[in-house]
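Both complexes shown next keep chain A, but they swap its partner, so chain B is in the first and chain C is in the second.
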Partner chain A sequence: MQYSQVDAEAKAVARKFDLVVIMSTFLALIAGFHVHQMLVAGDWSFWVDWKDRNWWPIVAPIMEITFPAAVQAVLWTRFRMPIGATFCCLGLLFGEWMNRYINFNGWTHYPLNFVFPETFIPAAVVLDIVLMLTGNWIVTALVGGELWGWLFYPTNWVMIAPYHLPVEYQGSLMSVADVINYMYVRTSTPEYLRIVETGTMRSFAGGVTGVAAFFSAFVSVCMYVPWWLMGAHFFGSTKFFKTYESASTEVKHA
Partner chain B sequence: MRKRVMRMMGRAGALALLGMILAGPTNRLWALGEKSQEGFLRMRTVIFYDTQFSGRKFKVGDDMTVTGKFQLLPIWPKEIAFSGISWLNFFVPGPQFLREGTWINNRFMSCSELLELGGTYEYKTIAKARYPGHWPVGIMLSMKDAGPLIGPSIYVDVEGSHEGFTNPIKTLLGNTINLEDYGQSRMLIWTLVTTLIGVAWLGFWLGRPFTSRLGVVAAGRAKELISGADKTVAVIFALGTIGLVAVANVMTASQFPHTIPIQETIIRNEPLPPEPSRVEAKVLDATYDVPSRTLAFRVEVHNTGDRPLVLKEFTTANVRFLNEQIPGNTWNPDFPEVYGGAMKITPSEPVAPGETKVLEVVLASAEWENQRLTMYHETTNRFGGLLFFSDPTGARSIIAVADQLVIPRFGVTQM
Partner chain C sequence: MAQTQTTATAVARPPLTAFSWKSAGIAIGALIVFDVLINVYERLYAFSKGLDYTSADYESYWMGMLFAELVLEAVTAGALWGWLWMTRDRALDRLSPAEELKRYWALGLFVLTYTYAAYAGASYFTEQDGTWHQTVIRDTDFTPSHVIEFYQSYPIYIIFGVGSLVYAMTRLPQFAKAFSLPYVVLVGSPAMIFPNVGLNEFGHTRWFMEELFVAPLHWGFVTFGWGALAILGTWLQICPRVLALVNHVYYGKPIQSPAEVMKDPQSSVNPAACAACAM
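Right, the complex of A and B next:
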């Protein structure tokens, strides 16, 4: 057999192995990240009337920068692949859409415009690129974390703006999102359970979104650090593997 | 070999069962868990009465009206927080009905309302049938810190098809929108566009060998893995993504210049004025006989009116007991509550004007067990409910029993 043939076969096998690793990692991330997201920021993602300008842009980015930071740590330090955040967020989006389409829409008949998920993809791509260009996770935390927080609301405002049109419904002023919540009954989440803006940022002359985004970006920076460290030193660790030289004689003979 | 085949068949069977469950029809529900809450919670917090549903068979697009009253009992269980911040819920398994509106004391409930302890409220809910099926629907008061407090419910049948169903409303900018799919295309297109950016970025990198990079990095040659061209592409991606988001926001601002935040407030709603009462009543003691499933209590009644009074009904936790010795006071199958059975009252004669009398009320019913209202299993053995007195003209006087201790009688000597 020619060397070139062996080489080609080796490459084909390696590619198949790549595919198995990538797909299984992707599935694991969908499960892990989606469960995490539903537990820590689920309702803001599930319902259009929770997507406010105060709590949503704070809670969602802070809670969602976690997995991207940890996966970046592994994929960057071990593989030099600047795709950790994008890989995670695509998995999350895929899991969310399966949930919303099959469960919320298919089984219980909530309209999709009530239950569509937010997107983190643009912020994730930018976070990956900041890591790639700087090659430094602390700079990525500082610059990428800021951009992550700042980009979230503008990215999603494009989708939710129509639901903030004013409506006079039965003599009350409501947004379209409020009316959707009112009409499409959500028995287990009464109105008072919503954690949305209640007009408490009285010092900022109504500039709620900017303050929320600033705070969100700051905390995203802080959140990035422990999750990067956890990814790098726990999931990305190879300390459990020993080199051939350090193995005992018995192991070498075996 | 046989074991292996059996194991495989077992797995295939489990998978088939799971598939059948997942693919099964979703137009029927058999229970809502009304009885899952503790008996004392259902008997001593909110009592619903006079509940009426406008029908049990509807077509898609038909309106259903639910009316009735509820009283927040004056002595609220200490174990359950009372915040008063309430939302009169219409419960249904998903939006198979659209709630067009709920009114409490003729006031539209657009947001949560602050209700008063001991207050009686009248409500109306109008809901439009949206999806065909056999659905349980009902009324429930959700209270902040206290949780859901469940009212009467019925099963309704909705016929027809959801196809073509629309839900138009007019915005304050003058345009009419269909809430069934309003904004959906825009949301899908933007999700697709932003996702494609991510897929392209991922494809750019995953088109290369992946796992073999582990070895290259471990060998200290990580710098070889990213070229100058890669960095140029990355800059284009980053600037392009941020630019796209910026342009999309500028366009959104011009398309939707008038937007408002999510509306959030709490409105105080005064209870109905108290009805003139012609009776004073106080429960003296109560027992629950476990073998015969009988709640018995003595109530001291003082008639303060000028007409004779009879005890007509006792209602608690959506279970009604009727004094069927009163002509016409019999069970109607259209009642949405559960029929507890007949009340036995001794002495059975009416309480004359000005008279004070002790009545012994015996409520023998399997529903104490069926509805899980046997409190001897619980940490609080107290019951509550509403006593309905009536005079010959039909005028009602309602007395709340809010906090009466119950002594269980087990009927056997235990060793």
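Right, the complex of A and C next:
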């Protein structure tokens, strides 16, 4: 009776600490991952007319495999929890939606279907599953990284397909996304329309997206490795620097 | 692993009420209410009074707010950090296990509040700034969204982050004598986002490239934001000690003394230090 009560108290306290760890980690990851994402791939995330088939499938995946790799390094190695990538990407999606809904839509009045974010949840689930099945981070970099790059465009396609439909507008051919862009003037448009869809890529039998995804997958593999290592050895490090006392003792003995 | 035998019997258990969510609930609740009110203020006065830096309205609605918040933040930071330091525990080597466990709970709530404030600053108000620029550009470094984002939401999370670190260094044996690499990164790296505003604003003043949010000028924020990942290492340091304390306080298992932890904090994060930990 006495023991079971103590036991219950101990478990209750441990559960509370668990909750603090989980919630604070989730919030910290939203903060870090979202500020990273919005400043390295944000414009493609903000606007549906930026979600093209050439640069978006390259920039977004290679920039967003970073935090998932680092968090997997800790959650898998230390806790055998195969949810590191999904946990990160869920946080990112939450951070993005908060601002898209409250500010892009609620404050500056762009329609939500102009400013909804991309999703990495499907690719993240696959990345986590590869790590869980193989238990090997090099294989996850090679296979998971390739899949990460390849899966991004198809898993977002359902959301953006309607905006890529062709329409004739004032005598010229453009996409629905372009028409929305002309309706809602903002500061970030003109330069990008000149940048995108240039080069010789589009002449390769319409294979722009395939080649872009192939390239993206390659760089994702390369990005995964340093980010896993940083997660395992720097951000997940448990190092304490030497105390003043022990450092000065060492100097005296030297 | 040297383990001092503290008596396994008659260890005082803290009352369950010691592990209350109340202080974090009040702090985070207050921050959420405050953030909502700030959003209301922006909705009311950003477009109506915040587009012309030379106007009298701008002076009173936005510059006035800027100066007021900067003063308040400096005072709050000085008062909180100063108070935590002045009330530091000068007899940490005699800290009782129950008290140490209670302090870890307080630290956990402190860190939780910091991470909420960091979310509000680095995620919410930073993307909100993107919303603002991509709608109106700006005519000053102190444009309304910056008065909120840079000079309000960033200092707020810095106050809580540094505060939590000072709390740990003044009240917990693990952090009393040696700097923790991940904890310093967790607090210091996002804190550097604020000084980086200097680079950012100089760059925008010089080149005015507001139309592209992914401009390389912004990547300083990105690099410092990575520091948030160090929450992983911070918890990896704290959890073994908390588990050892739980096991000691509730099950009477042996534990390293506070003096030993202060002398060699690295030994307290070794899972072997609580070999009999399994609960």
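Everything that follows uses one rule, which is that the second predicted complex is superposed on the first by the 227 of 254 C-alpha atoms of A that agree within 3 Å, B and C clash if a C-alpha of one lies under 4 Å from a C-alpha of the other, contacts with A are read in each partner's own complex, and residues count from 1 in each chain.
Here is the rule we use: a contact is a pair of C-beta atoms (placed from the backbone, for glycine too) under 8 Å apart; a residue touches a chain by one contact, two chains touch by 3 or more.
What you see is a predicted model, and the numbers here were worked out from it, not measured in a lab.
Trainee: Pick one for A:V40: touches chain B only (first), chain C only (second), both, or neither.
Mentor: Once the two structures are laid over each other on A, A:V40 reaches chain C alone.
Trainee: In the overlaid three-chain picture, which partner chain does A:M183 touch, first (chain B) or second (chain C), both, or neither?
Mentor: After superposition on chain A, A:M183 lies in contact with chain B alone.
Trainee: Is A:P82 in contact with chain B, with chain C, with both, or with neither (first, second, both, neither)?
Mentor: Only chain B; A:P82 stays clear of chain C.
Trainee: Mind working out whether A:V158 is in touch with chain B, chain C, both or neither, as first, second, both or neither?
Mentor: Only chain B; A:V158 stays clear of chain C.
Trainee: Should A:S172 be classified as contacting the first partner (chain B), the second (chain C), both, or neither?
Mentor: first
Trainee: Specify the partner with more touching residues on chain A, choosing between chain B and chain C.
Mentor: B
Trainee: Would you check which partner chain A:A28 touches, where first means chain B only, second means chain C only, and both and neither mean what they say?
Mentor: Second partner only.
Trainee: Quick check for you: in the superposed arrangement, does A:L133 touch first (chain B), second (chain C), both or neither?
Mentor: The first partner, chain B, only.
Trainee: Starting from the residues of chain A touching chain B, keep only those that also touch chain C in the other complex, and list them.
Mentor: Residues 11, 14, 17, 21, 78, 107-108, 186-188, 191, which sit in both footprints.
Trainee: If we count contacts the way the header does, which residues on chain C are in touch with chain A in the complex?
Mentor: That would be residues 13, 16, 19, 21, 39, 42-43, 101, 104-105, 108-109, 111-112, 114-116, 118-119, 121-124, 126-128, 130-137, 174, 177-182, 185-186, 190, 193, 210-214, 218-219, 221-222, 225-233, 235-237, 239, 242-243, 246-247, 249-251, 262-266, 269, 279 of chain C.
Trainee: For chain A, which residues are in contact with chain B within the complex?
Mentor: Touch list, chain A to chain B: 11, 14-15, 17-18, 21-22, 49-53, 77-83, 86-87, 89-90, 93, 106-113, 116, 119, 121-122, 124-126, 128-130, 132-133, 151, 154-155, 157-159, 161-180, 182-188, 190-194, 196-199, 208.
Trainee: Please name which positions on chain B make contact with chain A in the complex.
Mentor: It is residues 26, 85-87, 89-101, 108, 110-112, 127, 130-131, 140, 142, 144, 148, 162, 167, 169-173, 177, 179-184, 186-187, 190-191, 194-195, 197-199, 201-202, 205-206, 209-214, 216-218, 222, 225-226, 230-231, 234-235, 237-238, 241-242, 244-246, 248-249, 252, 255-256, 258-264, 266 of chain B that touch chain A.
Trainee: Touching chain C in the complex: which residues of chain A?
Mentor: So the residues of chain A in touch with chain C come to 6-7, 9-14, 16-17, 20-21, 23-25, 27-36, 38-43, 46, 59, 67, 70-71, 74, 78, 95-96, 98-99, 102-104, 107-108, 186-189, 191, 230-231, 234-246.
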